[in-house]
Amino acid sequence: MRFPNPVAVKEIALRFGGRLMGDQEQYAHGINEIHKVQPGDITFVDVEKYYHKCLSSAATIILINKEATCPPGKTLIILDNPFNAYDALVKEHRPFRPLQQLISDTAEIHPSAIIEPGVTIGHHVTIGAETYIQSHCYIGDYSQIGSHVKIQAGTLIGTDAFYFKQQEGRYRQWCSGGDVIIEDHVNIGAGCTINKGVSGSTIIGEGSIIDCQVHIGHGVVVGKHCLLAGQVGIGGKTIIGDRVKIYGQAGISNNLVVGDDAIILGQSGVTRNLKSGVTYFGLPADEAKKQYAQLIALRKLAQKEDSNSYREDGD
Amino acid sequence: MRFPNPVAVKEIALRFGGRLMGDQEQYAHGINEIHKVQPGDITFVDVEKYYHKCLSSAATIILINKEATCPPGKTLIILDNPFNAYDALVKEHRPFRPLQQLISDTAEIHPSAIIEPGVTIGHHVTIGAETYIQSHCYIGDYSQIGSHVKIQAGTLIGTDAFYFKQQEGRYRQWCSGGDVIIEDHVNIGAGCTINKGVSGSTIIGEGSIIDCQVHIGHGVVVGKHCLLAGQVGIGGKTIIGDRVKIYGQAGISNNLVVGDDAIILGQSGVTRNLKSGVTYFGLPADEAKKQYAQLIALRKLAQKEDSNSYREDGD
Amino acid sequence: MRFPNPVAVKEIALRFGGRLMGDQEQYAHGINEIHKVQPGDITFVDVEKYYHKCLSSAATIILINKEATCPPGKTLIILDNPFNAYDALVKEHRPFRPLQQLISDTAEIHPSAIIEPGVTIGHHVTIGAETYIQSHCYIGDYSQIGSHVKIQAGTLIGTDAFYFKQQEGRYRQWCSGGDVIIEDHVNIGAGCTINKGVSGSTIIGEGSIIDCQVHIGHGVVVGKHCLLAGQVGIGGKTIIGDRVKIYGQAGISNNLVVGDDAIILGQSGVTRNLKSGVTYFGLPADEAKKQYAQLIALRKLAQKEDSNSYREDGD
């Protein structure tokens, strides 16, 4: 997320009792978790194995729990609990504001959009021209719905990321500072769920079509003109290329990349990056032709076992 | 779908700039896609490999993009884009009429039916005696809900078919001219989705019971006294026999036939027609006893590999 | 379920035309199905193979369809149809009372709880301090929601158990006499479904976190500080230990026990009890290291087959 006005690193250090290293005159322009950082951003790290990744990321200001060598042009803010400071900064710009009425006064809905009765529309939502949203849908705060979008009954968009930090054996949810962007001409079925990004955007690309009961995790990017069949699930921050087809009940783990024009067959479970233009199948998903060869090999093996056991019985 | 009044083929040809072949005095009584056509119906074809199937189907009037031999008693209407004409004819009889209020004035609800607050009921819906529908349900246009039916909270019935035509790299949704029929004594859990047929009916047979988060695709027919456990998904136009049991998270592809009394075990992925009275398992689903034999053969193979590798280590 | 006042066995026998054996002066303090019975409870049995289990259970009063040896201190009530009597007794204490308004007058909601507009809250529901429930949620009768709980949009809690008895080829639903208990600090995503217990409670333990579109069957007990990822499904009466992690789209059959700290990987299908602290994978789920060994063995087998077939082609 971007800040409406830049914030001085000195002010942040003062506020959370942190110590500055590196450039002390820096201003923060936004805040993002490590997978989504841009130059000018604050991010945080508190686990030694991610120090390198974080320090060498695009982030300009790093909240960190130990002294480290500050890369040139950057600022470190050393704090006992960097996550708490990170979370407080996000919450300051995304204060908890439960809805008081079904449609927030701050929502901007194009006059040609059609919103059926019984739809909930959160704060700062925008809805484009000729978009049609059926009854019982929920469009959470900051969602941006394009034009000529169709969202069928009971679909829930812009709910919080399933993203937690464990502290002393308890789960503590990150404040979701991100949002959901539904591009133009997207068609979404009934009963789907699309979570907000933790700090960036969850995006459904132009012209993509989504069947019923599909779940899209936080920060996922679905490309343009994709097809997602019923009950598909996509884990957080996975990037799906353009024109990808994902068939019924397939699941894709988090933090993966699926190439353009890939085809993922029904009930497949994807656990690694997939190449463009290839058809995948199975759990864990592999190229379909390899999987079919394995299925045939297994069938033969079982038949051989079976005829052997008959022979043993017969002898 | 049936037309309220028959329409002359001459009128259709004139309207869409088409050329008539065969019987020029014919009247169309309805319109259906190829899987659901009945005598008197219009259908369309624009892909050469389906010409034969379409011309020899029950349809009486065929919208087609090339000259062909007209079977006796039928009428061809030759058009540049048969799909556009087909879609326009369906839309004319199913105009887009978003809901203005939670319960449409045209819905016919039996006085003994119980509709909890917060239920949406579309145009031309009928609901039978002693039926009970919980809060947050959505019953889309033209749905026919029988008597003594129970539908739990948040279930979404009669939403549009996930059925698209690709034109120049873009998906274009067919107008759903069909409906949903829920027969008497059906019991449906919370959070289910049941799509309309594209041109025919999606049917849930008498006395069937459905658990939560089940998805039923367009034009599916579920037989009588079936059991569908939680998170099951059934693809478009699949026909399920009577007394079939489908356990949790199983998925069934589109356009299949499952025989009476078949049993489909949990998480199975059905990709071909299934016989009556047989138990199936696995992905792709096969007879359970065959699958178990394969699982055992694979376990033995892995153990042999393992003991071999120990021997190699030891030598 | 517990009765508000004890009921004399003589009164029950008289009411349903049953014959008493054993202690005739007994009082029933509650009624539960066989998996949940406590001393003082009524339960029932009508299938010979469950006679022993039922007679030796904690139940004090047994509705039974045949004479049997009455264990000391217990009472048998012999009836033609014990289920009908059982069901009638449950219904008497849980009469059918559909909602007349979105929030029942009998609900007890802590003043610090935040309920967004468009939430349905049933009869006798309790909601604790600082709990936040988003729009379109449904909280069914008798649900007990703790404090500091967060429930995201469209989640449906306390709907009836998917639990049926077959009588003459028809399914007849048991009246759900149980409830749902959501303990403190639980965090539930959007579009989930959690069914009531048949006679006991469905429990989500303190501090557990649940992603979107998760289904929890009747009478399930989820331990404390568990993580359930998107689209997970858990079958009726399964007991999940503390700190268990269940990843996306995994399914767990009914009546199982999963030990503390177990990890169930994505899309696994659990069909038997799982040990504490072990990682499981696959369908049917087994220890992940065993499953990986089998995957490797199968891959090798298919490669061998493949090179053999090349050799055959080549020779």
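Per-chain residue numbering starts at 1, and chain names A, B and C are given in the order in which the chains are listed.
By definition in this document, a residue touches a chain if its C-beta (ideal position, glycine included) is under 8 Å from a C-beta of that chain, and two chains touch if they have at least 3 such contacts.
The structure presented is a predicted model; accordingly, all values stated were derived computationally and were not measured.
Chemist: Copies chain A, chain C: same or different interface, half of numbers shared as the threshold?
Modeler: Copies use mostly different positions to touch.
Chemist: Give me the C-alpha superposition rotation for chain A onto chain B, in degrees, nearest 5.
Modeler: 120
Chemist: Can you check how far apart chain A and chain C are, centre to centre, with Cα atoms defining each centre and the answer in Å?
Modeler: For chain A versus chain C, the centre distance works out to 31 Å.
Chemist: Scan chain C for residues touching two or more other chains and write them down.
Modeler: 118, 136, 154, 191, 213, 231, 249, 267, 283, 298, 301
Chemist: What residues of chain B sit close enough to touch chain A in their complex?
Modeler: Against chain A, the touching part of chain B is residues 98-102, 118, 120, 136, 138, 140, 154, 156, 159-160, 162, 164, 169-171, 173, 191-193, 195, 213, 215, 217, 231, 233, 235, 249, 251, 253, 267, 269, 271, 283-284, 290, 293-294, 296-298, 300-301.
Chemist: Residues of chain B touching chain C in their complex?
Modeler: Checking each residue of chain B against chain C gives 114, 116-118, 132, 134-136, 150, 152-154, 185, 187, 189-191, 207, 209, 211-213, 225, 227, 229-231, 243, 248-249, 266-267, 282-283, 295, 298-299, 301-302, 305-306.
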